[in-house]
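Note that chain A is present in both complexes that follow, paired respectively with chain B and with chain C.
After this line comes the complex of A and B, so read on.
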């Protein structure tokens, strides 16, 4: 209810009086082509909005740059996870096949020095495959896990997903949504601004 | 063209137009059409052929369950294994299925890194094929260990006996390689599918479908901020899966190459196995794609050009496999090792000569027909040849494993392997398991990567002008004759 104010009620593409009592999530503009949303995104970015987003059925090439999105630090984190996998792989094999001391890993476990065909205990070349596999495993799982985490997924519900029109965002329409929590958001002003973007349709999105 | 016949009519798009890019999506210029073409498969009742195939596969899978249960309750003696031949159908099937899986990862990861945009039409179901093939592959070593209830000994689990696996053994590397491969392929497949599951969620009519697809799509709403990280993560996955896929079959080949058995102990095995894996995997993709595009009307998305490209890869990898066969023979002679020399002569002219010559005919001779474009673009011929390759590649593994073991160093220990009905039933049943999973996938999940296909359409280029009107610029009325030439743009040239 925080951003709802009486003077904004006048300009209303909102569907029904009953639903307009709900708090406001933001304003949504619908576009038909990647080129249109590209132009519009540049304008929204230039206008200084911060809490806004484009919703597109496929990654539009260059749209992230037009929106001013900074490159994600994901690769660095994944590199860290991969190195962790390398170290885990080495330590796991060195401990279980070459060590004779005990450590506590949920239970007390003891290493076993395997002496086979007179091979050295620290047979690092023979450990490479498993070190490699664990590096890949941890990198891949962390790439996906961290991507979900940074994107705030999984999510069971979202105000936009309750909007009927928004369903085409995964089909063939391109949407720009400016959220009401943006410091620059004022329903009347934002609506007037969105009308200058050349959208096919503009609509308020309620916070259901 | 009426809506119902769409996707069922063959268009030849294999010629390379000068100065422009051959289209990857035919007869469609709107994103919504792509969505509809793919989603309608999951939304409507499948054709009758689907039900028939499903019942057959389910029956075969049931027989697999019976054979495996019988094996576990009785012991591995129900197989035809004997003293020199301790690996036979089980490991043959394992290597065969792992190999099949490789094409999926090659298409999804390696072709992605090489910016081969035609991968978008086939990557989703090739990846699905990978997962199901690795499921089948995982079954065989699992039941081959004999005492299945002790299979957890393969993993380094802290236990009261203070027992650890022996990490210097290639067989243990295999456990890690195949399980990592399965996990990463599954994650890759699922992550790629999330945007398309969201599409199915947003189109779903029934409450149950909305709930199920909603849960599976984890709240995806196409946010560009999400897409940005998603694309980076996808690229990283592709970059990680590429060395992984090359390592998996290399590690599988170490199971043989690290041992002392003549015919196994060769350094050519890792690259030879990887080439063979890609060869057999692409053949399986063609064997599945040909009926699937026919049955579900996907000829505008899995076009003749896609099939032509895959047949070229089959030809290339078939030549590599042929080279490996001849090089093995050459080295066996050149090395001067008498056991090695005997092993190879014995393969071609010994008790399993027929298996060897089936292998050579199906893997080296018949794929050469793909030099001819008429063969590469003929649906019946490519289907038959791809089946031949599948048969040939199964026999390749049989030849490597069984002939080498049956006649090793001492003639006094030689024996012959004869499969029992349980051996054959398990092999046939694995195809049932694979088919069942694949048919379920076709029925309920997006068979084509919808979002990725849209992204390679010329209309997706934000600098190309407006989607509806850019064809008018070339004097071709939109919606009339399918425009075979699309303008090449700077964004598109990679």
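After this line comes the complex of A and C, so read on.
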């Protein structure tokens, strides 16, 4: 079993007197099984909270749906980035292979027309590998980069990481955290609401 | 994760056991096939063109072969990766792949018949040479000495005897392997023995290696050697990519049809359809285009006459339109059509896309098999002169014999596969990973 054993705590929120001076990050509810957190997530979603999240040690299928999370628009953005790569790849080669090219109606720019094995200067088959690679490159970079951006990553710290109990989110516990910035968040009301979820433990998280 | 079940899978006999619904479908397919083949025989007799008939026979034979080879590959790849998601649809692929137990009749019988007959055929040569020019070196050398000189160096490999031995080996392997995978999977239906899954996983590895070799050599033997002086090292894998397009599409259509008939209710879900769609998209569309372009670009760049003639034959006359149609219809349009997840999850769009890919994999095989490299190609000084001389080259796509044979062969294939499904369970119902498959979700 787990080597980490948190000290005995009561089931009520128990901020230490010292930490109550710290700003509030949110309220955290701890569950023991995926089924419990699934039910609880449905209720939190139905209650109309927006700034909240589930933290689970492994992917729980269907949790996204229970939380009412909309599908990400990342694929669309990646498609756009990929198409940008396609067009850039094409234009880059058309431009550099062009014998002469009027640019911005003012300057005559000469490309680098180079005859290769008797092929026409504008020979699309030879360009496909570059176009393909640029498409893949921009898609892959934008997929990773935008994923980080949209998740607010990278960040050096997070209030939840200072919480002792929360460490078990990587082991065998399931957490729901409602953030204090949620418009519907009111410490007393949210606490009362969380008690109806059937959590094993409820706790206040400070913004350390 | 019991909380995540969305639709309840119906595992009653009515839903998972083959019965008279499938028997009726099977009979109907056979009836359509027999009528088409009789009509085809009549048309062929009227046309009196043994060479044309042999080519159309070969082309459609290879097309139905690719459907089963693709399904066979699907079965093996799921076993070797120990894939849980595919358990719900694997039996359909197994039944389709098991067509390889009899498809040899469509090939070997006519091949042997051509081999043993020595009659003159329309002045074109005799025997196997009616399709494969290397089979009659005397005729080839006499009519196109340049090609004959090249092909003469390949006769150690390309000769009727070795050709038939190889063909027998491919078919023997395919027939035995697909039969074994189906019967082992069925044995598990009875016994529920989990070690059979392990056995199939172990068997999948050597079978995949043999599959790669046999499908490559089969493509070289039966398609590439139609132009025996020509060669491409990409050819085998191009053929393989094509088999994936057809094979995965027929699996998707099989699943959709079975569900429409009332089988596998709640067993196959949008999640499975999305994954089949992904495989069609990845293997049959993107990978196919990647390989097709790789083959084209190397030959185009190298610009060696003995290599480019093959593509030349595919861009003169009406063939240019078929080539463009293939680029659009086998890659660009389905690539954009299937890129969204919803297009793979909705049954209507998946069915449309899969039928589209089937149609274009037929055209792909047609494009591989049918064009004839101009024999007087060396007498032209410029490309334009040759293109002008062959501007009226017909593709033969208007010939009704194509479609009668296609319906006939497809009918036999569907009749056989559905008949096979009707004689047992249409689901690998006691596979240890069935539950995983039923609850499978794309993240």
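Convention: the second predicted complex is superposed on the first by the 181 of 208 C-alpha atoms of A that agree within 3 Å, B and C clash if a C-alpha of one lies under 4 Å from a C-alpha of the other, contacts with A are read in each partner's own complex, and residues count from 1 in each chain.
Here is the rule we use: a residue touches a chain if its C-beta (ideal position, glycine included) is under 8 Å from a C-beta of that chain, and two chains touch if they have at least 3 such contacts.
Keep in mind the model is a prediction, meaning the values are calculated, not measured.
On the superposed chain A, the positions of chain B and chain C overlap enough to count as a clash.
By the touch criterion defined above, A:35 reaches both chain B and chain C. Contacts of A:183 after superposition on the shared chain: neither chain B nor chain C is touched.
Judged by the touch definition given at the top, the superposed model places A:48 against neither chain B nor chain C.
Applying the stated contact rule after C-alpha superposition, one finds that A:118 touches chain C and leaves chain B untouched.
Within the superposed three-chain model, A:59 lies in touch with chain B and with chain C [touch as defined at top].
When both complexes are overlaid on chain A, the residue A:167 reaches chain B alone and has no touch with chain C. The superposed model puts chain C in the path of chain B at one of 134-142, 332-340 or 350-358, which is 332-340. In the superposition on chain A, the residues of chain A touched by chain B in one structure and by chain C in the other are 34-35, 38, 59-62, 75, 119, 126, 129.
Within the complex formed with chain A, the residues of chain C that make contact are 1-4, 6, 293, 296-297, 300-301, 303, 339-341, 439, 441, 443.
Contact residues on chain B toward chain A in their complex (touch as defined above): 30-32, 35, 156, 158, 162-168, 170, 172-173, 176-177, 180, 183-184, 187-188, 191, 195, 198-199, 201-203, 214-215, 218-233, 236-237, 240-241, 243-244, 247, 251, 254, 451-452, 454-455, 459-468, 491. Only residues 34-35, 38-39, 59-62, 75, 79, 117-119, 125-126, 128-129 of chain A touch chain C when the two sit together in their complex.
Those residues of chain A that touch chain B in the shared complex are 32-38, 41, 53-64, 67, 69, 71-72, 74-75, 78, 92-93, 96-97, 105-107, 109-112, 114, 116, 119, 123, 126-127, 129-130, 132-134, 136-137, 139-141, 143-144, 146-148, 150-151, 153-158, 160-161, 166-172.
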